[in-house]
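Letters A, B, C, D, E and F mark the chains as written, and numbering starts fresh at 1 in each.
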Amino acid sequence: MYFYKEDLINMIVPDKPDPAAAKVLQEALGGQFGEMRTMMQYSFQSANFRGKDKQYRDLIRGVFLEEISHVELVQTTINQLLNGSGEVNDAGNSGPSQAPLADPVMHGNPHHYIMGAQASLPVDAGGNPWNGSWVYSHGNLISDLLNNVILESTGVLQKSRIYEMSSNKTFRETIAFLIVRDNAHQNAFAKALETLGVNWGKVFPIPNYDINKYPECRKYVEMGYHNAQFNFRLDSTRIGEIFTGESPSRDSGDLQVTDPPKGFPVPDLPEMPNEHSPGLNDLNQ
Amino acid sequence: MYFYKEDLINMIVPDKPDPAAAKVLQEALGGQFGEMRTMMQYSFQSANFRGKDKQYRDLIRGVFLEEISHVELVQTTINQLLNGSGEVNDAGNSGPSQAPLADPVMHGNPHHYIMGAQASLPVDAGGNPWNGSWVYSHGNLISDLLNNVILESTGVLQKSRIYEMSSNKTFRETIAFLIVRDNAHQNAFAKALETLGVNWGKVFPIPNYDINKYPECRKYVEMGYHNAQFNFRLDSTRIGEIFTGESPSRDSGDLQVTDPPKGFPVPDLPEMPNEHSPGLNDLNQ
Amino acid sequence: MYFYKEDLINMIVPDKPDPAAAKVLQEALGGQFGEMRTMMQYSFQSANFRGKDKQYRDLIRGVFLEEISHVELVQTTINQLLNGSGEVNDAGNSGPSQAPLADPVMHGNPHHYIMGAQASLPVDAGGNPWNGSWVYSHGNLISDLLNNVILESTGVLQKSRIYEMSSNKTFRETIAFLIVRDNAHQNAFAKALETLGVNWGKVFPIPNYDINKYPECRKYVEMGYHNAQFNFRLDSTRIGEIFTGESPSRDSGDLQVTDPPKGFPVPDLPEMPNEHSPGLNDLNQ
Amino acid sequence: MYFYKEDLINMIVPDKPDPAAAKVLQEALGGQFGEMRTMMQYSFQSANFRGKDKQYRDLIRGVFLEEISHVELVQTTINQLLNGSGEVNDAGNSGPSQAPLADPVMHGNPHHYIMGAQASLPVDAGGNPWNGSWVYSHGNLISDLLNNVILESTGVLQKSRIYEMSSNKTFRETIAFLIVRDNAHQNAFAKALETLGVNWGKVFPIPNYDINKYPECRKYVEMGYHNAQFNFRLDSTRIGEIFTGESPSRDSGDLQVTDPPKGFPVPDLPEMPNEHSPGLNDLNQ
Amino acid sequence: MYFYKEDLINMIVPDKPDPAAAKVLQEALGGQFGEMRTMMQYSFQSANFRGKDKQYRDLIRGVFLEEISHVELVQTTINQLLNGSGEVNDAGNSGPSQAPLADPVMHGNPHHYIMGAQASLPVDAGGNPWNGSWVYSHGNLISDLLNNVILESTGVLQKSRIYEMSSNKTFRETIAFLIVRDNAHQNAFAKALETLGVNWGKVFPIPNYDINKYPECRKYVEMGYHNAQFNFRLDSTRIGEIFTGESPSRDSGDLQVTDPPKGFPVPDLPEMPNEHSPGLNDLNQ
Amino acid sequence: MYFYKEDLINMIVPDKPDPAAAKVLQEALGGQFGEMRTMMQYSFQSANFRGKDKQYRDLIRGVFLEEISHVELVQTTINQLLNGSGEVNDAGNSGPSQAPLADPVMHGNPHHYIMGAQASLPVDAGGNPWNGSWVYSHGNLISDLLNNVILESTGVLQKSRIYEMSSNKTFRETIAFLIVRDNAHQNAFAKALETLGVNWGKVFPIPNYDINKYPECRKYVEMGYHNAQFNFRLDSTRIGEIFTGESPSRDSGDLQVTDPPKGFPVPDLPEMPNEHSPGLNDLNQ
């Protein structure tokens, strides 16, 4: 069973609205290599796990638990990027009082304004809805672990590209945190394969990047987040049997299971009367 | 942030393998009105919530938290129904030693045996993958709540039909538990609309069914599960401001927020060497 | 604007329930070459029509109007095939009182019993939902007409194969009527291309079949339905400028615009309390 | 059977081309809560209706009939918005004589210019094709009616947001008409639930909006369109047994069944030789 | 079996990067009427061919073989249009050093930069992935050939529209070559139907266009490419029994089977370190 | 450019029709890990390849070329399994003369008989069409190679399960050949990663299976097919720089580039008049 404390796993850094950034950040939420995919893939792999070597199940489930918080973090970041974007003026059209959404839907995702009240959706950067066929849970531990390595590696690779699409601080802080955590999860699954005999040589991290290039990443590296696995279990777990010892990556260091971050406040989303959201005003009078 | 204790929210009752039952039960997992939809819909609605009336957000999030456990329960039930189904003989074909999967794929979902190692998948009873476009999160509280009422009501309606598709005990116990809990969630969202002025008259429960017709449901009704909202929060919640007082349904009684069930053991899934699952045997030697 | 009289365009012939037949007949309703496709394709082609040669638009719209009635006819036929199918006994399972739907979902479409109350759905024979990308409306009259020829020809070809999948009379009567009408529509679009200079030689009808092979078709041929275009317009139409003169098919005869059939009663669908359909009983007390 | 008179259900107000408006208006045609969905949903619900209380079927079918005209109205509006949009100059590119479509595909839907000859398509504002899985027809009258309430309410909610995306008059007039009619249909289904005992209190209209905020809506309200159900039946109907008496909405007034609007001319779509539409010119010489 | 020589079937003409052109050109690669569709459709039709008249199979397979090269040509053209597009400055945003991809994803396909390293994808101009349901292979030779005629005709029609979307030379040269080749394939399938008795009159070419309007097409017409079928067989073929004699099109001339073009160099794609592509640098040290 | 010789890459072993086997074998053709996916993935990866280390591109392209032949082999095998399946009697239905397709559509894929003339389709074992979103071509060589390892490994894993679904000889011979070839391709991509420093230890082959368990595989292993890469290039290739030396798998041996198999005859598919395929009979008289 699953329990909850109303805390975000990382902070939301304030900046201006940015509908185009919100649109591309959807890839990290509802895309083929986004957080909904990791969450559901590890949910199925841990529920479908066969056999007695449950330290591997505990590892997969441990990452699954963190991904639920990642989904919430990206949803919240997208909401922050969309908040107030309908007030942005639009010289080329007819002025904010007449068509305040004309401008944001130009470069943003129109569904953010039609299906959401300037809020996140379960779709990717192209607007395609999340799809269950992406989940890989074949029940063969090695193929499942290799697929997880690819999933996390592609997550970092895509985020290193999405990072270049806006310099908005709200956007980049969340991407940077997720890059570091995807890195840790890449290490987790690579390490699990090491316990089965693989020696990865110099291939990790994938992609072959200098994490110090991203100033927002640096503090998380200094906090050791790239080599930590947060433990969200209220009972005991065997995750530490695998997630221990030297990192499989050239970004060396020792892997260790730690407590989760202390938790960060969930920003309040203001009412949006123009969007009829939440739309309770007169009813409550 | 989300925390976990390795307990199922309800028991798994043992019975024989039943691939056809596993196939149709997928509707309750990956179908348009199944548990993955409820889980993701309430995740988006609670993360995207606007305004100050957070008792409604707490209600939606409270149901969301339970749905994560429901997903795990249905995954585990499907696995139990599939376990050992490949040994079933098949007179019309060439015998179990030669084509042991010929029979189960006749009436089951072939992907349970190709993509899963006799295990659950994120698809519906027709094999269609779960789809993000099903999530409704428009940010208008009344339309979101009405959609949730329909979602839970359709959940019960479909499960009352799926129940007729097999008399397998593993299958029916889980369906019965979910019928009662969908009923409670129907009550939760209907009650929230009552606080906004709606008087539902005699329309609930939807469908208009006698819950005593389902022997497996009765004990859950006696335990008051149809009028209870389990609380999975580790911090405080305002859910009790709404989920209280008389039930909006003809199945009367008082609504109350309670502790979750005590938790039930997760069954061990045996190794399946024929499916190469988990496939570690020789490697570990 | 569109007007309605509660009449079916053809009769429903009674026979036993046949869930497998209902499943495959869905191809003629929600399949890529089924009646929903023809209806929507001609709707878009007539609304999007450019230029002054409106006799072609009137022809396309004329067929569109009939297709709305075809959709209703196939929906009704599928419902008739499903009616009472839940009572069919199943020796291999546990008896009708315990799992009355175990048998019909074996060879039928499970969604007929989960999403529908033993009723039609907008899906094809494989359970895939109808999809808007199938609609062809490119605005070039010749390519649109050629696509329509292929659409109607493939409709006949598929129905001549579906016909072989059950000898149920309800099933075959509707297929036979639709074969003859698809034939007429094939003639309509082929004739329109004749007015633009094409001489079809011996290629029509497609497929190259003897319509007399289908005993159910014969009476419709004798009534001239293969060379008739029914006129559903309440105002004037120029359809007769094209749909006239010799048939473009080897099944010769003269094309003519006629009144629609006299209309046939819509069968009453009985209540299905087990399916909670319509589910009003106690409420109305 | 279905009959037709070549009249639009509302007028087309002329204004300049607006490809971005055409793109977002597609949501009201081929979107999950657009007119194709309402048309097909009510088609299936009325054909699949079970039992004797046919006043409900007549109500659902009555709305279905109007939706066929709505589809035609939105198709025609989109066409009007696209007409001539290829001539718009584009300073940043290479000039109209060299790449006249470079500019409109920037903010419009490229498929409007590739698959259509500057014409409507069965897709939503994000370009996703219409999908049959959206149709809800479960055969339980209460769940079907509640789903219809949500469908119409979401239709208004979305249109109140789409309205803000352009001040183009062609665009806004059609949206305004549809908002008022969705309102009437919301009333119809809410009223049907009132006959089953529900008292809606103050929740309607959904969203909680002031219809006078939309100047284009006002005249339709003054004509009583928000409380009228147009009757397109050529035979008798029992729709008046339900659609009568006081509105279930705070926008009070008495519901009544009336004649349809008088009908409005279908605008001529000019030939577009550059798009090879209709492409008959030389052939007819 | 299939053999390969590293040559493109046509040249790549250099010009500036153009992300918007790359986006719309995807229609010709992964769209419903693009080269992946033609390749796969003719692959299935030739493998599934029944009966003894194998000159028709050889014709279909002959076109199939060329389409594999077309896929490679369009992939390479899109890559050329994307190369270096990330360096394009963006005054309105924060400058290339800070968000170099902000500008190209505005009017381009974001997935070209997220899923591809500025490279081609199996999607259409709207970003929808290629879909197997588009393949038409019904096994009736006449309906298959008619569908092929429509497929090639729609290919030309769409490309004549896409041509208007950018004046980029890389873009237009490839489109022009493909227009002429689609024209030849249109002739091939139309001619095959002529052997079965059809006389096409004046309908071909579809669309009814003056190929001389496209300056880039002219040289290919002068080389006779519109009336040639390239032969990629290493063994003998009966294609010449059909593809011979007078063209079925008003663009007259004699059809003949010829050798393929001489082959053109595949441009080198530079490394893109910012995209981590290929990402080998440090590893190879 | 691509060239062709009408030879299959492996033999077709005759056996009885088997519609259920044809249905599940579709996974190896149009499934997420089937031959269409491998063919298109390597097509995109080789066309999109960046940088100078072209020995890797030559390796990927080399496998791509073989996959085109694999597609043809699986298409042909499915056709062989379907041939004559319509004649199978059906005691429970009405006899072969009346509904000859009633039986095969029970356990087969109905679309094999509706959309195909008893012939292969671009769909998976569940009838879902092939989808372009499955193609992975991110342009980072290591992530692309890792994804290819997973793709080939999952191909073997799935085929080892599909093998258990029928003992039909036509079916098993093709599966066995493909298992051995997927094994060779697994080796190819694993070896490429070895050149970048990875030491795989004991993880290969994936799954961890004894290839001698499959009697049909043994002869291909004896021919060295699991360690061979066939060369389909008509010009030179650098593939041998990578595909050489010791196998990365516990199934040891030396890798080497060899000539393709000698080629096997394509079976003639008989006419099927009942399916109107090819449907030329009377026309040719």
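Throughout what follows, a residue touches a chain if its C-beta (ideal position, glycine included) is under 8 Å from a C-beta of that chain, and two chains touch if they have at least 3 such contacts.
What you are looking at is a predicted structure, and each value in this text was computed from that prediction instead of being measured.
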Set of chains whose contacts include both subunit D and subunit C: B, E
Listed chain pair A-F, C-D or A-E that repeats interface C-E [over half of contact pairs the same by residue number]: A-F
Interface residue overlap between copies subunit B and subunit C, same or different (over half shared): different
Between subunit B and subunit E, centroid-to-centroid distance (C-alpha), Å: 48
Distance between chain centroids, defined by C-alpha means - subunit B, subunit D (Å): 36
Computed distance of Cα centres, subunit F from subunit E, in Å: 25
Two or more partner chains touched - positions in subunit D: 32, 115, 123, 127-129, 131, 133, 138, 140, 142-143, 157-158, 196-197, 202-203, 206-208, 275-276, 279-280, 283
Touch-based graph of the chains, sorted into line, ring, star, complete or other: other
Full enumeration of touching chain pairs: A-B, A-D, A-E, A-F, B-C, B-D, B-F, C-D, C-E, C-F, D-E, E-F
Touching residues (chain side subunit B, partner subunit C) in the complex: 20, 23-24, 27, 31-32, 107, 124-128, 157-158, 160-162, 164-167, 202-203, 206-209
Residues of subunit E touching subunit F in the complex: 1-9, 30, 36, 40, 43-44, 47-53, 56, 61, 65, 68-69, 71-72, 75-76, 79, 115-123, 129-133, 135, 137-143, 196-197, 232-235, 260, 263, 268-272, 275-280, 283-284
Complex contact set, residues of subunit A against subunit F: 32, 128, 131, 133, 136, 138, 140, 142-143, 146-147, 149-150, 153-154, 157-158, 193, 196-203, 206-208
Complex contact set, residues of subunit F against subunit C: 86, 93-94, 98-102, 105-106, 109-111, 113-115, 123, 127-129, 274-276, 279-283
